Each structure stands twice: as structure tokens, then as C-alpha cells.
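Below is one structure; the comments refer to it alone.
For reference, chains read A, B, C and D in written order, and residue numbers begin at 1 within each chain.
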Amino acid sequence: MLENAWLIPLFPLLSFILLIFFGKQWREKCSYVGIGFTGISFVLSVIVLFTQMANGSGGAEAAWLTIGSIEFRFGVIVNPLNALMLVIVSLVSFLVHIYSKGYMHDDTRMATFYSYLGLFTFAMLALVISPNLLQLYIFWELVGVGSFLLIGFYFYKEEAKAAAKRAFIMTRIGDIGLLIGMILLFWQVGSLEFNEIFTAVRDGSVAEGLLTLIAILIFIGAVGKSGQFPLHTWLPDAMEGPTPVSALIHAATMVAAGVYLVATLFPVFEASPAAMTVVAVTGGFTAIFAATIGLVQKDIKRVLAYSTVSQLGYMMMALGAAGYVAGVFHLMTHAFFKALLFLAAGSVIHAVHTQNIEKMGGLWKKMHITGPVFLIGALAISGVPLFSGFFSKDEILLATWYDGRYGLFILGLIAAFFTAIYMFRLFFMVFAGESRTTGTKVHESPRSMTYPMITLAILAIFSGYINTPWFGTFLGDWLVGDSEFLPFEHHEGPIWVMLAASLVAFAGIGLAYLIYYKKALQRDFLTSHMPNTYTLVFNKYFIDEFYQYTIEYGVRAVSYLGSFIEKYIVEVIVAAVTGVVKSVGSLGSRLQSGQVQTYGAVAFVGLAILVFLVVWTGGYL
Amino acid sequence: MSGELFAFLVLALLAILGGILMLNLTKVIHMLLSLVLTFLAIAGLYVMLSAEFVAIAQVLIYSGAVTIIMIFGIMLTRHNDEQKTRGNLTRNIIVGAGIVLFFFTMYFSINQVSFGDQATSLHVENTKQIGVELYSKYVIPFELMSVVLLVALVGAIILAKRDDEEEAEHK
Amino acid sequence: MSAIPVNAYLLLALVLFCIGLFGALTKKNTVIVLISIELMLNAVNINLVAFSKYGINPGITGQIFSLFTITVAAAEAAVGLAILIALYRNRSTVQIDEMNTMKH
Amino acid sequence: MDWLTILVFSPLIGILILSIQQAEQKVTISLTGILATVLPLLLSLVVYAQFHGGGDLAISHQWISFGNGIFQIDYELGVDGFSLLLLLLTTIVSTLSASVAAAQIKQGLKAYFLWFLILEIGMLGVFTAENLILFFIFFEITLVPMFFLIGRWGFVEREKAAYSFLIYNGLGSAVLLILFAAIFAKTGTTNIEELKTIMGSGNAVSEEFRFGSLLALLIAFGVKLPIVPLHTWMVRVHVHAPIAVVMIHAGILLKIGAYGLINFGIGIFGDQFVKVAPFIAVLGLINLLYGAFLAFVQNELKSVFAYSSVSHMGIVLLGVAAMNEAGIQGAIFQTLSHGLIAALLFLLVGVIYERTHTTKLRSLGGLAKGMPLAAGFLLAAGLASLGLPGMSGFVSEFMAFLGLFESMPWLAAIGTIGIIMTAVYILRAVLGVTYGKTVKSFAGMYDLTRREMIPAAALLALIVLIGVYPNFITHTLQYALESIMLGIGG
């Protein structure tokens, strides 16, 4: 079965191709095509997962590109991490396909939407089963395109166009890092197969300085894809896409690809302490940085987007702190509860037709399913005990603690505190209090939307139990189990870490409750007391503006310099060339005066010069 | 200095003098006459080169016939013409420079050459030798040359005549 | 016989050739241009005759060739003069720089 | 059978048939014109089928000979893998271009096709010629028809464009002629294979001569490629020539520069090429970045794509300068891939121009609403152009950079800025045209017709085919690459 795992991505691809060609005729039936094919992929993924558990890893490969003696290959490899990712991706994608049927039901371009979803799912599934770095890079870019197309789905909106463009270019900047790292690695190792890379790294055949450089370059790729600081700005803007897309791509799967990349290449990173520090610090900083921005945003999707950035930072921090299992574990739980939150947010938007949380409120009574599932998601992400997020977050904090990075540990705690605040700020403002909606009557979403949410809610509660300090570390054992390259140490952490994490979560929730529900504290406390700080945070630390004034204008300046050169130097040279040709021409035509003597004179002088040259050079030219 | 060398120098200087006079005189008829001097000097050189027959032909044809034809030409056209201007000065300078270049190039080459001994038997019955060669070895070129002369004669007559008739028709 | 070197004759011929050439290319009067060309032919003749006496392969041939040249030169002078007169009839000038029909 | 001669001169049949037709019968003429390009297409497929590594298709006849064989030039045709692929590219793009021309050229269709078919003979000949003199003759044959095709059927400044085309390429080919004459004088042969052995042996011809020859080649083909700062004629041609001609020009004629550089530059003067490789790499880098940055500020769709061609040719130079298998194969791939992509891009520009009568970026926008298919194709072509994996552009860029990183990592690292910039300017142009608000609504807007769709789809299919399974081509290329690598001692 494992060698036929390549079939899994092909079904969504088939869906993409069919819908591109026949989508127009099929109209609403498109959704069934998409759902059906993704469903098959999901079923196959589950089969692959269990086969892997039973029989161990496996895969298949074939030649793809031959350059003389170099051969690049294409194929599949199924190891625990890949199998897990397959299931996560295909499951979330399947649920989002179903959800979209309800969410997009009145859109005329549903066929296009489903075909793009198919393309993305194909690329993402193929990404996670890549046996070598080149193939990973190829699908890495393709998921970027899927994301780009879906962000720009409402192509007639200027914001969507700008967001799509920005997403593509920002991630491409990261991709170039990955490309350079990959090529450098290739010339060191002579192959891009993961196993050979790991062997070479373990045997120490790559110099450590170079390895650090390579690891950091590859990490830049992950930074771009996962919206880490400083390449994070595209991710909040990407919320211009339809909400199911935000759930699938910009919460659960594609953005997690950066984390997946670091996890896959973990042995390479591990060999370079400097690179590990870079990963951990970037992750930790992003976690708290994005969380602060999330505190003050007013757009429901943007809050969730910054939350995503923050959580991804968390995962990076875990990986950087050698918490391989913790990172992957949090990747999984996050995929479920963040997809859930986005889908619930989509459901809310679907009902009230706005994204501004100040215009929502009191929806708890009106949306009997969306409300509770959103609450479950919020509890999970805040790290309230017994929900999935609690276990994975705890694992991360433990990993940082044991890695000796106490600063990061504290950073993680603060970020967790902020997470709880902004999630419950969101919850209270949307679902509690008085209704501030205007106009349309609010109603619960159709079943095609609620069922996926319920499924995810169940997973958001229970998926944490596969790796707990109490019931056994099944996930960790399995992930690291049969790999010769991955270290595994589970930390039987001091109980106070767990207590601290819970405490922080409850404190955050409590604070939010006081401010936004009880109104016991002034809401505009921050605004009035620290106006400068508030402006700074509300404007996302002016990073966008900074980029605009430095990079964008810089590029423009270089371009205008280029066109200046073109206009006043190159064109002048050209004019000079044409001028010379013209003047030679006019000189020639002036010689054609009709006077035989002139002709004779020219001919003779030419002859004299020739003869002179022949004699001068001694008869040889 | 041997007498031969002296004769050569005198004749050479005369020839060059004629040429320079030709370039610098202003009246056309004077230019022409100065060239007669050159032609005669060249005839003298031919004698020194054991080519008596050629020398005589030179005197007859160049100093006589060609010069007379040219004088006729001048008389039939505007014989009082003087050289109006020095003409196009830049062109003259360019041509002059080219000629100087050419001169020195050739001078350089001439200085490089050296040949074997001189022939001795040329002056013995010079005219007979030429006649024998012309009528045996070079008989075909010789006959062709007569055709050329004939064609030139007829052509000259026709060229000079045709316009008369055309002018008559015009009138 | 103390020989005058062939180079002397060649040099003289070169000088005359250059004078003739300069005249042919710069003089305005057509008659002088024609006679300058005659001068150039004469310079060539000097070479022919000189080589017939001093050349690598001395012999009478050089003199015969110079005779041919003289003949052709004479024919050329005759035809040239005829053309000149015909032109003069049409244009009333013998200035060579006014003859530019080749331009059109 | 002498398939190559038949292939090269097969457009003559079309010329003969066209010349006896009446100029008024537009339908028959356009049909004949298209069919006349289909014939070489079929023949080139025959040649492809008969190709087994090289030598068996080569032919040689005595052609010009005097001086008891001292001066002898033979009529020699032959193909290796590289030129075979370029032949296929030529016939394919020619057929597509002819079908575009049949729809878009409004007047003088007969004369257009006559020139066009002569042009095709020239292009086919250039890629099959096995000696320098024959190559030069075919090279010149491409110039004259192009001059008239641009000058008569182009847009506003067509005559200026035609003249600058002629002046630049004329200078280039003059350099080429002098060089070929010098080579012939020195070695007494113009056969490329013989020259490879003579020049390769190292002692037959002085090193200075070989170095000078290489520089001359660089200038001659640098004009064609084009290398900055010799590129302005090419931008002008791209903007002002008729779309169908630009397809040919960007798709094939520019490739003659790359072909010459690889086949002659490396093939014949390999050991000298190693010396100038860093210099060429710098030139390539300048091309790549200069083209990209300038493309970013153009206000006109066609000039964006023109500068994009400059930029993409920079990658060819970079790949060549890498002087290893990956780099050179990347350059070859880029040559082919850019041929297809540029043809597709300009095809779509033509489609847009036909509907809107403008290519100004400012007055275009939101076209995806009125013509979703065309917008989709444009987007796909743009993505291919910026090197999206799964399309041919990625494979070539990847290989070129893979090669360059081995030999000159720092230059390569700077060059990657070009990859980012490509994304920036392509998205700016393509999204500006198709996405966003509709700036102006154009009357009578309609989507791709079937006649436009088939060429576009064919090109896109080829682009994707190469991108998805590049080994499809590498087998054909193998022998050519080996002989090139032999030239540089690798």
C-alpha cells in the first residue's frame, strides 16, 4: 500500500482537472465531485496511516530529471510524520470541502473554487509525502500557488488582488532562501534524498559553518510559508480569501508546512546549535509579537490570523528547543482547533455578513451550534486543561524548559496568557452581550457547515490524549520510533510547569471576562493610558508601512534608476550608433557627387592605404 | 661622375621639371607645352636604355601627334581659359596626402629590389629585332592593335560628327 | 659600363606617375586631365623599357610592350578628344567639375 | 532519404502555391498559409522519429569548389539533440503563429505569408546547417523577411523598429561574416565538426586567435540574444511588430543567439570559453536583474514582456557561464522553455489587443470578468514565466542555478534576486490586467474563440509536459550535451 501512496494526491488533482474542464456544465454538482475525490483521499490516507503503524515506513521512487550523471528522483515516502500529515491534511481538506458547499452555495464561480481547492489539496498532499527536498520544493511552490489563487478568488476586489500578490511575493522571498539552501546542500551531499542528506549530516561530511548557513536558509523558506516574523505580513492580508480557504490553507495546512519542513529536516537543524537558536528565537519572538497585535484587532478573521502566526511561532520555538514531538504534536492539535475556529468564524460571518467584531454580539442565543463549538476551540487554543491544546502547549513549555532556554520559556508563558485574553475577547464580543448587528436576520448555518465543525470540535477536545504525561506518549514513541536520525527524550516534567500553564490560561480568560463581559474594567484602559503603545500595536508595529517605505520604494527606486540608465545612457549609445551609421551614409552620398575625379580620388586614396598596409605588414595581413 | 650618369640626371631633372611646370602653370597651353619637355626627356632616356626605336616613336607620337591633338582640342574649345581656382582644397590635400603615402610606400619597395645584370644585345639592330618579334611572336596582338586604332579612328569621327546632325535637327 | 641602377629609373617613373596622378585627380581642365593620364602612361613605359634592359629576364619584349602602350595611348587621346569636343558642343565647358551627369 | 533538406526547403511548396493564388481570396490564402507551415511540422516529427543520437541524419554534398579543392565549401546539414529540439520548436511555433496571423493580419495577407515562409526556411536552415558559411546564409535569410514583416505589418513605430532591427542584426552578422571568413582562412574548413577537432586540439590555431574569435562570437550572438546594453532593438521590435511576428521573434529568433553561443561558443572554443565564463556570468546577471527591474516599471504590457525576455535570456547566459552539465542543460532548457512561454504570452497579448485595442496597463483591468478563459491562460503563462514548478520555466531556472551555484555561488546568490523580481513584475502586470476593478469596459468583449484556444492550449500543454516530466527531453539532449561537455574538458 505504501508504494501506492502516490495515488492519494492524484484524486484531488483529478478533481481539479475535471472541474477546470467541465465545471461550467456541472454547476452545483461540482461540490460533490470535490467532496467525493477528497473523501477517497482521506480514506486512503487513513489506510496508509494504519499500514504504516503496522508495517513500518516505505515508499517508491522513479527518475524525474537526469543531468548527465546527476539524477533527480520523484516518488513517495511514508514515515510516521508523513502519514500523520497525510491524515491531517486530507481530513481538514475533506471537512472544508463539505463546509464550502454550504458557505459558497450562492456563488456562481463555485466550480472554480472547488477546482482551486482540489489543486491545493493535491499539492499539499504531495508535499507531505516527498522523499526528497526537490520534490518538496516543487510542491512547496505549488501550494503557494493554490493559496495565491484562493486568496485572489474574489479577483474583482482590489484588496484581494493586492493580498494575493503580496502573499505570493512574500512567500517567494522565503522560497528563494529554501532554494539556495537546497542547492548548497546538494553540492555538499550530492543528493537531495532525505535519507542521504541525514546520513551525510550525521557522518559530519558537511562543515558546521556551512551547515548552519544551509539550515538558516532553509529556515527562511519556512519563515515565509509559516508567516513568521519578519515575513508574516502576508498572512493577515490573506484573510481576503473565502473563509473556508482561510481555515484550510492559512490555519491548518499550508502555513504549517513551514513547521513540517523544519520537522522533516530536523536532523539537519539539530546538527547546528546556532541554527536551532535562530529557529527558537524567531519562533518565540513571533509568538509573542503576533499575540500582542491580536489583542487589539477588530476584524474577526484577522484576530484569528494573528493567532495563527503566534501559534506557528510556538511550534517553531518548540522545534528550535529540540522539542520535535512537541512541535509536531502542537501542529496537529492546532490544525484541528484553528480550522474549527475559522470555520466557526465563517459561520458567524455567513450569518451576520460582517467581519467587524464591534458589530457582532449576542450570538450565543441565536447560533446554537456555532457558539459552543467556537467556545470549544477557544478553550483548546487557550490551553485550558483537558482540551487538546493544553497537552501540546504543555509539551512545548517543557521542551523549552529542558533545553535551558528559560527566556523563551517565560516568553511562551506570556504568549499563552495573551492568547487566552484575545481568544476570549473575541468570544465575549461576538457571542455575549447585546446584539449589535443591523439589518438581516441571524440564523444558524446549514448542516453541511455545522457537521464539519462538530467533527472538528470533537477532535479539538480529544486529539490531545494521544500524547499525554498521564496516559502514555503514544504519538512521541511512534513518531520517533523507527527513525535512526531522530532523538527522542520525553520529559517527565515538574508538575508546576503544567500548573503554571493552566494558571496563565485561566488568568487570561478571567481578565477577558472582566473586561469584555462584566465590563468591570475599562475597555479603553489601554487606549487612554498608553495611546502611543496602542497606536503602535493597532497598526501592527507599522511593519507594513516600514516595508512599503524601505523595500517597495527601494525596488521602485532601483527600477527608476534602471529606466533612467536605459533612457539616458543606453538609448544615447544607441542614438550614437545610429548617428554614426547615418553620418557615414550621408558622407557616402555626398561622395556620390557625379564627379569622376572625386571617385578616382577616393578609389586611389583607398588603394594607397591598402598598399601601404600590405607593405607595412610585410605582405601578410 | 660618368657621362652616362650625368646624362641621366639631366634628362631626369628635365622630365620632372616639365611635370612640375605642368602642375603649376596657369595657362592651359603652357601646361601642355611644358609636358612636351617631359616627353622629349623621356625619349632621351629611352635612347640611354638601348631603345632607339621606342625613343623615335615617343618623339613622333607623343611630342608630335598627341600634343598636336591636344592643342587642337584646346583651340576648338575655350583656348584662353585659365585655371580658375585651385579647386576643392580639402580634396587636393587628401589626394596629395594619399599620393605622398603612395610615393613613400613604393619608394620603400623600390629600394628593396635589386636585379641581375643588364642585357647587352638590345642596341644591336634594335629596329630589326623589334620588327622580327612583332611579325613573329606578337603578330596577333599587333594585328589587334591595328583594329583598335581603326575603331578609335572611326569612333572619334562619329563622336565628333553625330552632334552636328542632332544640332541641325534641333534647329 | 658603369650602370645606372634600375632603381633610379623606377624612381623617376614613380615621380612622373605621381605627378600625372595628381594632375589627373585635381586639374579642372579636361584637356589637362587627359594629358596627365598620358604622362602616367609614359611613366609606365619607362618602367617597361627599363626592365627590358635591366630586368630579371632582359629582352626585347619590354620595348614591344611599350610600343603597344604608346599605340593605345594615342588611340585614347583621339577618342578622348572626340568626346571632349562632343561634350563641349553640348555644354560649352571643359571644366571637369561641371560634368556631373553621373549623379543623376 | 534526405529528410533534412526536404524539411528545410519544405516551405517552398507553400510559397509556390501561394504565389499563384489571387491576393483577394483571403480564406484560401490563410488556409494555404497555415497548411504550408503544417507540412514542416509533420516533417520535423518525421525527423524526430528518425533521430537516433545524431550522425545518421547528416548529409553532405559538394557545393562550391575551386582552386583544386583548396577552396571548398560543402552543403552540409545535420542535427544533434539540441538543434532537433529547436527545429521542433520552430515548426510548432511557426504553425501557431501562422494561425494567429491568419486571424489578425488584415491586409496584404498573401505577401505576409510569402515573407513568413521564407523566414521559416531561414530559421530551419540555421538550426540544421553544419558549416559556418551555410549557417551564415540562412542567418541572413532570416533578417530580410523579418525587416519587411515588422516594417509593413507592425504597430505605430513599425518602421523605426524595423530599421533598428536591421541595423543591429546587420552589424551582428557583419561581425559574424568577418569571423567566419577569418576562421576559414586560418583553418581551411568551415565544417563545424572539423572545427571542433581542430580548435580542440589546441595547437593548430594560436590561442589569441581563438580568444578573439570567441569575443567576436559573443558580440554577434550577443546582439541576437540580446545582451544588455545591446537589447533596445529587441524591446522596440517586441512592442511594435505584429503579434504573430513577435511570437516567432521571441519564440525562435532570439534562440538563435543562444544556439550560436552554446553550439559555437562552447562547442568550438570551449577552452577559451572557460576563461570568459565569469565575465559572461556577470553579463547574464546584469541581463537578469536589469530586465527584471525595468520590466517592473513599464506601463505597457508588451514592453513588460519584452524586458522579461531580456531577463530570461540572462538565465541562459548564467547557465552557460556555469560551465557544467547542469548549467548548460539549464540554459538549453531555458531556451526551449522561454520559446514556448514567450509565444504563449504574446499570443494572449494579441488576443487582448484585439478586444480592447490597447495594451496600456493603466487602461486595462479586471479582464477576468469579461474573458475568464483568456485571463486564466494569461495567469498560467505568467506563472510559467516566473518559474512555477510543474511548468517548464522552473526546470530550466533550477538547473541553471544549480549549475551556477557550483561554479560561482556568490553570483548565483545575487541572481536569485532576479527570481523574486520576476514574480513581482509578472504579477504586477498579469494581475493588473486581469484582476481588480474593471477600469474601462470595452464593447464587444468576448472570450477566447476556439481558433485562439487551440494554439494557446497546445503551448500550455507543452509547457506543462516539459515541466512535469523533463526527462522527456533529456534523452534527446544527451548526445549533444556530451559532445559539448567534451569541448570544455568536463
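The rule is simple: contacts are C-beta pairs under 8 Å (C-beta built on N, C-alpha and C of every residue); 3 or more make two chains touch, one makes a residue touch a chain.
The structure presented is a predicted model; accordingly, all values stated were derived computationally and were not measured.
Among the remaining chains, those touching chain B and also chain D are A. Look at where the CA atoms of chain A average out and do the same for chain C: the two points lie 92 Å apart.
One finds 59 Å separating the Cα centroids of chain C and chain D.
The mean-CA centres of chain A and chain D are about 37 angstrom from one another, to the nearest whole unit.
Centre-to-centre, using mean CA coordinates, chain B is 5 Å away from chain C.
With touch defined as above, chain D holds no residue shared between interfaces to two or more other chains.
Contacts with at least two other chains are made by residues 21, 25-26, 97 of chain C.
In chain B, the residues that touch at least two other chains are 91, 95, 99, 102, 106. If touching chains are joined by edges, the resulting network of the protein chains shown has some other shape, matching none of path, cycle, star or complete graph. Chains that are in contact with each other form these pairs: A-B, A-C, A-D, B-C.
The part of chain A that touches chain B in the complex is made up of residues 597-598, 601, 604-605, 607-609, 611-612, 615.
Touching chain C in their complex are the following residues of chain A: 592-597, 600-601, 604. Against chain A, in their complex, chain B makes its touches with residues 91, 94-95, 97-99, 101-102, 105-106, 108-109. Against chain A, in their complex, chain C makes its touches with residues 21, 24-26, 33, 96-97, 99-104. Listed in rising order, the residues of chain B touching chain C in the complex are 2, 4-5, 8, 12, 15-16, 19-20, 22-23, 28, 31-32, 35, 38-39, 42, 45-46, 48-51, 53-54, 57-58, 61-62, 65-66, 69-70, 72-74, 76-78, 81, 83-85, 87-88, 91-92, 95-96, 99, 102-103, 106-107, 110-111, 113-116, 118-119, 122, 126, 129-130, 133-134, 138, 141, 145, 148-149, 151-153, 155-157, 159-160, 162-164, 167.
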